[in-house]
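Please read the structure below before turning to the comments.
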Amino acid sequence: MKKTAIIMGSDSDWNVVKKAADTLEELGMPFEVRIMSAHRTPAEAAEFAGRAAENGFGVFICAAGMAAHLAGAIAANTTLPVIGIPIASGSLGGMDALLSTIQMPPGIPVASVGINCAKNAALLAAQMIALGEPELAQKLCEMRKSMADTVRSKDEQFRNMY
Amino acid sequence: MKKTAIIMGSDSDWNVVKKAADTLEELGMPFEVRIMSAHRTPAEAAEFAGRAAENGFGVFICAAGMAAHLAGAIAANTTLPVIGIPIASGSLGGMDALLSTIQMPPGIPVASVGINCAKNAALLAAQMIALGEPELAQKLCEMRKSMADTVRSKDEQFRNMY
Amino acid sequence: MKKTAIIMGSDSDWNVVKKAADTLEELGMPFEVRIMSAHRTPAEAAEFAGRAAENGFGVFICAAGMAAHLAGAIAANTTLPVIGIPIASGSLGGMDALLSTIQMPPGIPVASVGINCAKNAALLAAQMIALGEPELAQKLCEMRKSMADTVRSKDEQFRNMY
Amino acid sequence: MKKTAIIMGSDSDWNVVKKAADTLEELGMPFEVRIMSAHRTPAEAAEFAGRAAENGFGVFICAAGMAAHLAGAIAANTTLPVIGIPIASGSLGGMDALLSTIQMPPGIPVASVGINCAKNAALLAAQMIALGEPELAQKLCEMRKSMADTVRSKDEQFRNMY
Amino acid sequence: MKKTAIIMGSDSDWNVVKKAADTLEELGMPFEVRIMSAHRTPAEAAEFAGRAAENGFGVFICAAGMAAHLAGAIAANTTLPVIGIPIASGSLGGMDALLSTIQMPPGIPVASVGINCAKNAALLAAQMIALGEPELAQKLCEMRKSMADTVRSKDEQFRNMY
Amino acid sequence: MKKTAIIMGSDSDWNVVKKAADTLEELGMPFEVRIMSAHRTPAEAAEFAGRAAENGFGVFICAAGMAAHLAGAIAANTTLPVIGIPIASGSLGGMDALLSTIQMPPGIPVASVGINCAKNAALLAAQMIALGEPELAQKLCEMRKSMADTVRSKDEQFRNMY
Amino acid sequence: MKKTAIIMGSDSDWNVVKKAADTLEELGMPFEVRIMSAHRTPAEAAEFAGRAAENGFGVFICAAGMAAHLAGAIAANTTLPVIGIPIASGSLGGMDALLSTIQMPPGIPVASVGINCAKNAALLAAQMIALGEPELAQKLCEMRKSMADTVRSKDEQFRNMY
Amino acid sequence: MKKTAIIMGSDSDWNVVKKAADTLEELGMPFEVRIMSAHRTPAEAAEFAGRAAENGFGVFICAAGMAAHLAGAIAANTTLPVIGIPIASGSLGGMDALLSTIQMPPGIPVASVGINCAKNAALLAAQMIALGEPELAQKLCEMRKSMADTVRSKDEQFRNMY
């Protein structure tokens, strides 16, 4: 199975991003966690992105805050799918990171999830990889059913409340 | 090759969404264009999403404006990857569609591209499908190189301007 | 008297939504509290909405945060009036939920109240039901008078302060 | 059948609000169109709201732009349901009118629809009145089915396009 | 000297508004503090505004949050100057109150100060009254000089820090 | 009667600001129109503000766009009341000018009106001056009544429409 | 004199950016205009930035719209000062470009000017270069005086208008 | 070496601005910290700016919150480069300060950094001064390398985590 690369712009994002790693682990998917900065280590980020396909990676998950260029900088150096997680840091609630991540110019796409939604980034990576991995696709279906069951059991509790 | 489903909430979005169809055509990818509304034909949308995998679809591209629920409504009924295109309609410049598309709850991801960025939605779909289609991956690399060449030739013009 | 259905997208919204239940109880109105998710249990939500009229419901109150599709998903499956409560969750102060709830396309209305304003949602439901229930209408008038008296007595306190 | 009062803050809003009148007419509902300003004729607005119930009105639709106080000013003087239409005027795309209409304090609800969504305001009024008018409820169901059929026929056109 | 009326929509705003009262007191200006709600006691608010001139008032200071109609509702019933203080309450940082207070239609002005800036509202009232009260004008000049001196003495501290 | 100073940051604002001059003229108030820039002619602006009281001015109306510092720069040099008109220029709909004008620090107030609302700025100036000019106060009352009559006659037209 | 590099992300920005070139020309400063894209030609952009100092450049002016990464991508590869011009393109009025340009992480600064303010970017570049070029500093002072004179002569026109 | 002037509008900004002083100290650059207010001590600010060049200053760093006029007020009185730091104070997350600082009119530039980004303001000042100080330029390169090394060593930790 192709690997997923989880890249953070800063280790301070880890408390949010960890949920992506947890989800990939739960799904039994191979992945690596890296810290690379579009601004502080741009050459490493570009080189990593450029060689990712030959190194067995299939998808990127990039998390960054503020003027969040990381996902775009990776996307500029690969044609593998790149998922962006805008991180809410600073005083604007992550709106800066959201717009910096998603408003990419035509030709260089980034697939953005909601602010701080690391779990969804991981699930999206899984859905992409699962296009060629029926067993993983099956796990995603089961996880979805389990989520629905949780909602249903909470619904039961509330129905009997009044 | 798995098909891509392009779904619009309204035919008035077609002038924007057409670029997605054009890009898929240029890449030689099979696709269908559909009009289904999360609010006006919710049952059709749910059923289509639920049966898409068995009908040969691999990826969804969903375009909608305002309280843009379409991508989320499709994602609720499938574990295939769903790409959302927020459409700028009404008076808020598409900010309503952007937030309605991207801020999905944990567990049900939507991969959002920028406002009106239909071309990037198509490229993202191609990148996902290309994970299992080396020839398509090759086409994406060539398209990328061609884009870079266009920038370079424009750069030449400007360098000689002053 | 027709019942009111209070539906939450997640039980984490209950601390806000409880005020709606309290208000309906204070007015002596019959109601049910349910947890249904537009994204995690879409079929249940659609079916519940579709059968609500025949099951004795007259009005819906739907509370959800982020890309808040719940009110719209219910409204898509009924022609009973649907009241939406945008819940402030995440980092955008509920602006995402507000726009996702209120900016519905022509033809499928949602009646939105302010962010987290569960009490107003309940009062709105009461005002609708009261169109055919003179006794309930009378209670609403009395509640309104009582609110005014509270303001007046606080005014008295402040007038004598300086 | 109880009448609907359509109130505009200014006759310049009529090109938007007319769709509400058209929709009520199409549904065969009795209504009146009035121009009253929360700021320029506050006494008339208050008096009209206070006597509306005894004058045969069941629902209000109030349209105003900018610091849109009209719906709130009417709601302050009645316990009948009040629907607000935020009008986009000036340079902020109607965001000012939206927040001024919807963010009502606890106790005095306004049911807001999307910016400029006059049709939805009328449908919402119809849904409320229809709680006690089965024939009108039936018309709303038919209108909904007709909308769905329109979507379906447009879907047909697009399916055969590629 | 003409009195200033400080009106709050709710006593919960007092912790912010108290600074206006303190400033008026410091300047030796006569004033009253009232609680009146544009929505809960609209008749009292309208009557108070309408009779304020004959009751010896010269200026209004109106503080309210969310869909802050209070200043506008007072302004609709008087041609005395009305100063609005948008109060930050709820989840939008006071942007709702700011737009609801300031975006008044042509013909009915409200003089808005910054969010929660109760002190500036009081100073503005003083500046207006001072147009006909040279002694008060003198006090305002002295207060201004004193503020400048405070800045200068802090400047001294910092100059010597490095 | 004390004069009103209308100051624009740029002559390109005149098409908006002219309404303030027209309104002052209609009310028979003495005024001057000046172009002074907080950034391009700061010394002139400061000097003019500092000497305005002795030169017979009672109120300032300051109009500027973008990072609209003009009203604040004038207010920093006088204790006469300063009214700010945020001008919508550039691409942000005047939100930049609104926040730059209104969010003044404690101690230096600016009375802001809505974006581009030059007429309200003039009326506010008139209300301030009218505190010591009963005849002007009377004119303001008549103007207000005339506005109400205009609304009433338009109301008549619409009442007979359906 | 050190050269200024004007870099655009796309030739469609030229109609805005041309003012920067015109201003540098007017000041007699040496400069080059280049088209390089942080996303489409990232390697060229990085290499150009890395070698700029040894190639005689002293300052960068980078103009880009939407998720405007260009200034940041250049800044990541040089310690020369980088000035960013956020370009208003798309439907958000340039707010996306503004936040993407200015909200840089600690350590990698970008000096941002206002949306579309190409002239100010050029003047800023001139002010930096002028720190070591007294003649250029002199020209900036004269240009400033000339701007003030223009304001003064327009002020004269308006003073005599009423 | 030319001095840098760090100016705050209020000493309450010091906890943010101190990072600028620390960074200049770390780089061995001469600087002064001052408190001057565009609104409370405008004459001092203007005079300081006007004489800064002859007093040995090369660059300004101006920090202010809300309607942040300080950087603009300094820039209006000098042609030395002025760097603005928008401070997040009040309830709008610093968006008011950001727009007030950056949206300067053509002709009077301010170089704005991100909200509260005092460190970047200092680095920008250093980059400007370093144009004529090769030793300082060298220090900036080393600081940059050191930052990259920090990222690399954190990357090592995470690579070995899974």
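Per-chain numbering from 1; labels A, B, C, D, E, F, G and H assigned in written order.
The criterion applied here is as follows: a residue touches a chain if its C-beta (ideal position, glycine included) is under 8 Å from a C-beta of that chain, and two chains touch if they have at least 3 such contacts.
Every value quoted in this text rests on a predicted model; they were computed, and no experiment measured them.
Counting hops only between chains that touch, chain B reaches chain H in a minimum of 2. Among the pairs C-D and A-H, the greater number of C-beta contacts is found at C-D.
Repeating the E-H interface with over half of its contact pairs identical by residue number, the matching pair from A-H, A-G or A-B is A-H. Note on chain placement: the centre of chain B and the centre of chain G lie 34 Å apart, centres being C-alpha means.
Taking each chain's centre as the mean of its C-alpha atoms, chain C lies 42 Å from chain F.
Multi-chain contact residues, meaning those touching two or more other chains, occur in chain E at positions 37, 40, 66-67, 90, 92-93, 95, 102-104, 107-108, 114-115, 147. Pairs of chains meeting the touch criterion are A-B, A-C, A-G, A-H, B-C, B-D, B-G, C-D, C-E, D-E, D-F, E-F, E-H, F-G, F-H, G-H.
Note for the complex: chain F touches chain H at residues 9-10, 37-40, 42-43, 46, 65-67, 69, 72-73, 75-77, 90, 92, 95-96, 99-105, 107-108. For chain E in complex with chain H, the touching residues are 88, 93-95, 114-116, 147-148, 150-152, 154-155, 157-159, 161-162.
Here chain B touches chain D in the complex through residues 8, 11, 14, 21, 25, 31-37, 40-41, 44, 66-67, 90-93, going by the rule given at the top.
By the touch rule above, chain D contacts chain C in their complex via residues 2, 53, 58-59, 79-81, 83, 98, 102-104, 106-115, 117, 119-121, 123-124, 127-132, 137, 140-141, 143-144, 147.
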